[in-house]
Amino acid sequence: MSWEQTFGIWLAAAFTLGIVSFLYRDNIFYKVCEAIFVGSSAGYWFVTYFWDNLYRKFYLQAFDPVSPHIAPWVGFILGVLMLTRLFGAKIAWLSRWPLAFIIGATAGVYMMFYFVSNAMLQIGASIKPVFVGSFGDIVSNVLIAAGTFCGLVYFFFSKEHKGVFGGAARVGIWFLMVTFGASFGYTVMSRMSLMLGRLDFLFGDWLRLIS
Amino acid sequence: MRTREIIAFFALIALILLAKYVLPHPMQFSPTLSLIIIILLSLTFIIIGVLTLQGKFVERRIVFIYVGAALTLPFFMQIELEVPISPEVQSAYDQIESLNPGSKILAAFDYDPPSAPELQPMADAFMKYCFHKGIKVIIMGLWPQGPQQAGQSVEAAFEDDPALRDKIRYGVDYVNLGFQSGNEFVILRMGESFKAMFPADIYGTPYDSIPILRNVKNYSNIDYCMNFSAGKPGTQEWVQGAVDRFGLKLSAGNTAVQAPMIYPYLQAGQLDGLMGGMAGAAEFEKLTGYKDKATTFIKSQSFAHIVVIVFIIIGNMAFLRGKTERKVK
Amino acid sequence: MKDYHRPQLLFQIFILPLVVILSLTSALTAQEQPVIPADSIIHIPAPTSNVVAVDYVYDRGETVELTWNLSPDDTIGGRIDGYELTRIEQSTGKMDTLEVIPAGISYYKDDKLTHGHKYAYLIRSVYFGAKSSPVSSNIITPSIEIINWRLANLFAIAFILCGSVIYFIAHAKKGKKLFIRKIAGLEAIDEAIGRATEMGRPILFVPGINDMDDVQTIAGITLLSRVAKVVADYDIRINMPVSRSLVMTTARETIKEAYIGAGRPDAYNDDMVRYITDEQFGYVAAVDGIMVRDKPATCFYLGAFFAESLILAETGNSIGAIQIAGTAQPAQLPFFVAACDYTLIGEELFAASAYLSNEPKQLGSLKGQDVGKFVAMIAIVIGVLIATLAELTGSSSLENLSEFMNRLFTIVS
Amino acid sequence: MRREIPIAITFIVGTVFIIAYFIPHYPFNQFENWFNDWFAIVAAFAIWLGALNLLKISAIKIFLKKTDQLHAALIIISFLVMIFYGFYNGFSGIMANPPYSYRDPAPGINFSWLYDYVYSSLSATMFALLAFFVASASYRAFRARNFEATLLLVAGFLVMLGRVPVGDLITQWLPRDYQLSQLANWIMNILNTAGQRAIMIGIALGLVSTSLRIILGLERAYLGGD
């Protein structure tokens, strides 16, 4: 193993322990690690966006030796306007132009994406015959259709939740609760896995207590 | 700092040095010792339970110690646990298993090192399986760090079976196209042409001169797609942009946080199979027969889940008791 | 029909000789190539079959899609390089060699045509310069279709949804009342404030950690206006640590307005809202500290939350505060539901905000979304019923109807 | 000018993306491609803005306010180190033959080394801390205070146990189809799917109406105050 790898592993171990020390209480080691995290993360994204977006999408196109494009310059100018925010309120309003562009583009793209895949196709997928297969299958089919329906009822705000409608909304909230329970379980699993990854690093790569 | 804390600090350093230079490497507990440790820890739970029922909630840090122990100790325990297989992982495996040798599979690595504990075991098992079965793998990433993680998986496969080093050739049996920025727009444009988005592979070799890519123009020339995803862009975008618009066939490995939100796609047939989190990874390792990290980790995972559940139960017992007492009054 | 035959004749008279000449030239160039496997000189790959040209359906008449069956030689390791495509413009007889498509591919999209003209294509299999006899496609006239009509169902449903959002916003702007059901969360908020009044302890309000460009933060601030009104009326202490400077400004305005409304502007104090830090965990640690010191009777968490939801709810619980939460962050909702006394789930947060603010755009879009949900509910109920009945009875008319329902909510790619 | 132009930009850009969905050919596909590239460029500047703002705030802390000086200085130093290696490796990569990327692993200390050992170990641990908080919150805060919360916790238990080997170990005495792992599968594939789908449809509709308001210029919160 090369010296920089050994050094890196010790450094990473120190950082890991430093952050974990927050569990005991807020302390100087944690503060130091946190500051380095904030700074290095800003630096990391700064560099990544420079090479992957500015260099690839702007420089390589605008300064193409064969056929330079003009279009990327518009994006570049919009981007520069974004930075006006740094220089006081007098010209900061110019930063609204690129912001408007970003928000308009996101709104336009996501509107169709979500509408198709998450609304239309999901409604389409719910439209299925329920009385097919074994008894268990039938129960499952009915539960999926009914659960989706009742869940939608719960989020329907134009009618008071009374009578049958109120009952459906109540069933709807039960389905939502089970859903949240499932998410809860999975989130716990995910968080534990992250910590396992760090422990694997500490006991495996660093201390070599496990193979 | 108080004196006590300073002592604790030096004790910690001593412990680290002890672990690094004195303890056996690797360290292992025999099954009997493991059982004794488990029983002892369970007994201490009773103490906590009694204290809590008396209304004395133990300190946060004690809870932290339990979690730490539950996650750490199983690393050293020589115990075996049988992993149950869920249908969605089985179906992901079946899809890959049904591919003929020589088929081409697109592997999209959309995650970064922080999510690697969950996704890397899946990716490793996937890569080993494909290489042994002779399935050709085209690697790409929508996250900047994805292709690097893929490189680690390839390396893990070679280390696991050194014979693969001679058998599997870069450019013929697998290729790493690298990262392309643009999120869902990359997926959309690949529907027309892969080459437009990846003019060269990660080493700068032009697209057209790579043998494995010779017959690959867009999704229609790909037999299957596997996505490892830790967020956005990820499985949701692949479904929206490639499955729903271009009819790509897709299975996915997800971090456990986002897996539950992906299930509706599974039921609607937009997705064939899904591996969720560490559990999904352990199941996939078992199915492919390449047991590795996830199979070890799932032991710790089990204990950690039990610790959380027991703590919820203890807390709620105290809560319910308080409630009934208030009612009696 | 007449139109169809004439070009065929043209093809035989003019183009075939051209094809022969072209094949000869390419055969000559092939001989100049340096490396030729021994077998390729004699191996002429088998031709393709079934070449079909189809007009691309949504374009300005410049695109045609071409498909063909692969040559029998086109197998893994088969002796074929690809397919050479030639386009023939029928009126002038002009021939353009387009490109050699790699083996294994049986699709090409030609988007350099002029609409109204007639075209045909020739495909030859190629292997190291050796070419098979050409196979001709049908003759095709690309036509203009401005709009992708395959998406008409999508367009119609999106139109209904967007139309109702716009309609209801306009409706609300005219000052007409739109009905929104009572939202239980609002009562819970009132009760929680009441408890703080009784106990004489402060209220803590956390508007999430996102900036004012997040709808959730805006909804949180709208709910703050309700809380602030009661706070100003009963002179309860409110404490609001925030993590964005813009949120701080807005929140101060909101609380100040409430105090002016209650006729006690001098009781308002800028210290009620304090900016802590943008940094997530730093902010949480500070809020935790405030909670433990101040021991608020009621804590509100209304806005966009991430990992900090857990830590806040735990500390709030340990000081025995009543906790009301509301967020649309799906991953955090489970924790809030489990740990707080009342939780506004997802859209309920927006609905409560619309209900309180009475703002036309909020109310209108809520109503518009309700129309969308109504369509979804009806579609699911009717669709499932019809599909089930069709399956049980086997009636073909019901099956057709069910098929139609399904197609209404499917996208043809 | 200050309000009209942004609203016009939002309207045009948003509309083009929607039209391009239905009319996927020239000129709209051309606009779509341009806008995609511009989006990437503007996004880069937005990230720069955030980073430069952080620098500005930290510098103010050091020189004017004199609070948290060590903290602020560390932020600036680690930022600069990252930037230095990022640009140094990047430019030498472009000049080299064959070219390599700024993030390619190489021996010695470089951007990739910093990423592996500094940035990713810090960020991974930061999120791993939540494993501990989840446990302590579950002990001290998660209460079955009503039927709904009970349902949530029970579903959570079943999924947590069913997804790991221990679940089946506990329920070994039951027939195979009723063991915890099967129960967890059923919850995930049936109940969770139904609930998630309802939420998904709701969120999608909300997104459509918000997007529509933004494109039509009815929603101006993002423009901030005047």
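Lettered A, B, C and D in written order, each chain numbered from 1.
We adopt the following convention: contacts are C-beta pairs under 8 Å (C-beta built on N, C-alpha and C of every residue); 3 or more make two chains touch, one makes a residue touch a chain.
Because the structure is predicted, anything quoted here is derived from the model rather than measured.
Engineer: Write down the chain pair with more C-beta contact pairs when A-C is set against A-D.
Structural biologist: When the contacts at A-C and A-D are counted, A-D has more.
Engineer: Mind checking the centre-to-centre distance between chain B and chain D? Centres are C-alpha means, answer in whole Å.
Structural biologist: Measuring from centre to centre gives 18 Å for this pair.
Engineer: Please compute the C-alpha centroid of chain A, do the same for chain D, then give the distance between them in whole Å.
Structural biologist: 3
Engineer: What whole-Å value do you get for the distance between chain B and chain C if each is reduced to the mean of its CA atoms?
Structural biologist: For chain B versus chain C, the centre distance works out to 27 Å.
Engineer: Spell out, as numbers or ranges, the residues of chain D touching 2 or more other chains.
Structural biologist: Counting only residues that touch two or more other chains, chain D contributes 21, 40, 101, 103, 115-116, 123-124, 126-127, 130-132, 134, 136, 138, 140-143, 145, 148-149, 152-153, 156-157, 160, 163-164, 188-189, 192-193, 196-197, 199-203, 205, 208, 210, 212, 222, 224.
Engineer: By the touch rule stated above, which residues of chain A touch at least two different other chains?
Structural biologist: If we look for residues of chain A contacting two or more partner chains, we find 22-23, 34, 38, 48, 52-53, 57, 103, 109, 114-116, 118-119, 121-126, 144-145, 148-149, 152, 155, 176-177, 179-184, 186-189, 192, 194-195, 197.
Engineer: Can you list the chain C residues in contact with two or more other chains?
Structural biologist: 158, 161, 213, 281, 318, 330-331, 334-335, 337-338, 346-347, 372-373, 376, 411
Engineer: Are the chains arranged, by touching, as a line, ring, star, complete graph, or other?
Structural biologist: Chain contacts: complete, every pair touches.
Engineer: In their shared complex, at which residues does chain B touch chain C?
Structural biologist: Residue positions touching the partner: 57, 102, 214-215, 217, 220-221, 244-247, 257, 261.
Engineer: Flag every residue of chain C that touches chain D in the complex, lowest number first.
Structural biologist: Residues 58-60, 62-63, 146-148, 151, 155, 158, 161-162, 165-166, 169, 212-213, 215, 218, 246, 249, 281, 307, 310-311, 313-314, 316-318, 328, 330, 334-335, 337-339, 341, 346-347, 350, 361, 365, 368-369, 372-373, 376.
Engineer: Using the touch definition from the top, list the residues of chain D that touch chain C in their complex.
Structural biologist: On the chain D side, the touching residues are 21-26, 126-127, 130, 133-134, 136-137, 140-143, 145, 148-149, 152-153, 156, 199, 201-203, 205-206, 208-210, 212-213, 216, 218-219, 221-222, 224-225.
Engineer: Provide the residue numbers of chain C that touch chain A in the complex, in ascending order.
Structural biologist: Counting only chain C, the residues touching chain A are 154, 157-158, 161, 179-183, 213, 279, 281-282, 285, 330-331, 333-335, 337-338, 345-348, 351, 366-367, 370, 372-374, 376-377, 379-381, 383-384, 387-388, 390-392, 402, 405-406, 408-411.
Engineer: For the complex, which residues does chain A have touching chain D?
Structural biologist: Those residues of chain A that touch chain D are 2, 4, 8-9, 11-12, 15-16, 19-20, 22-23, 31-55, 57-58, 61, 71-72, 74-76, 78-80, 82-83, 85-86, 93, 95-105, 107-112, 114-115, 118-119, 122-123, 125-126, 140, 143-152, 154-155, 172-189, 191-192, 194-195, 197-198, 201.
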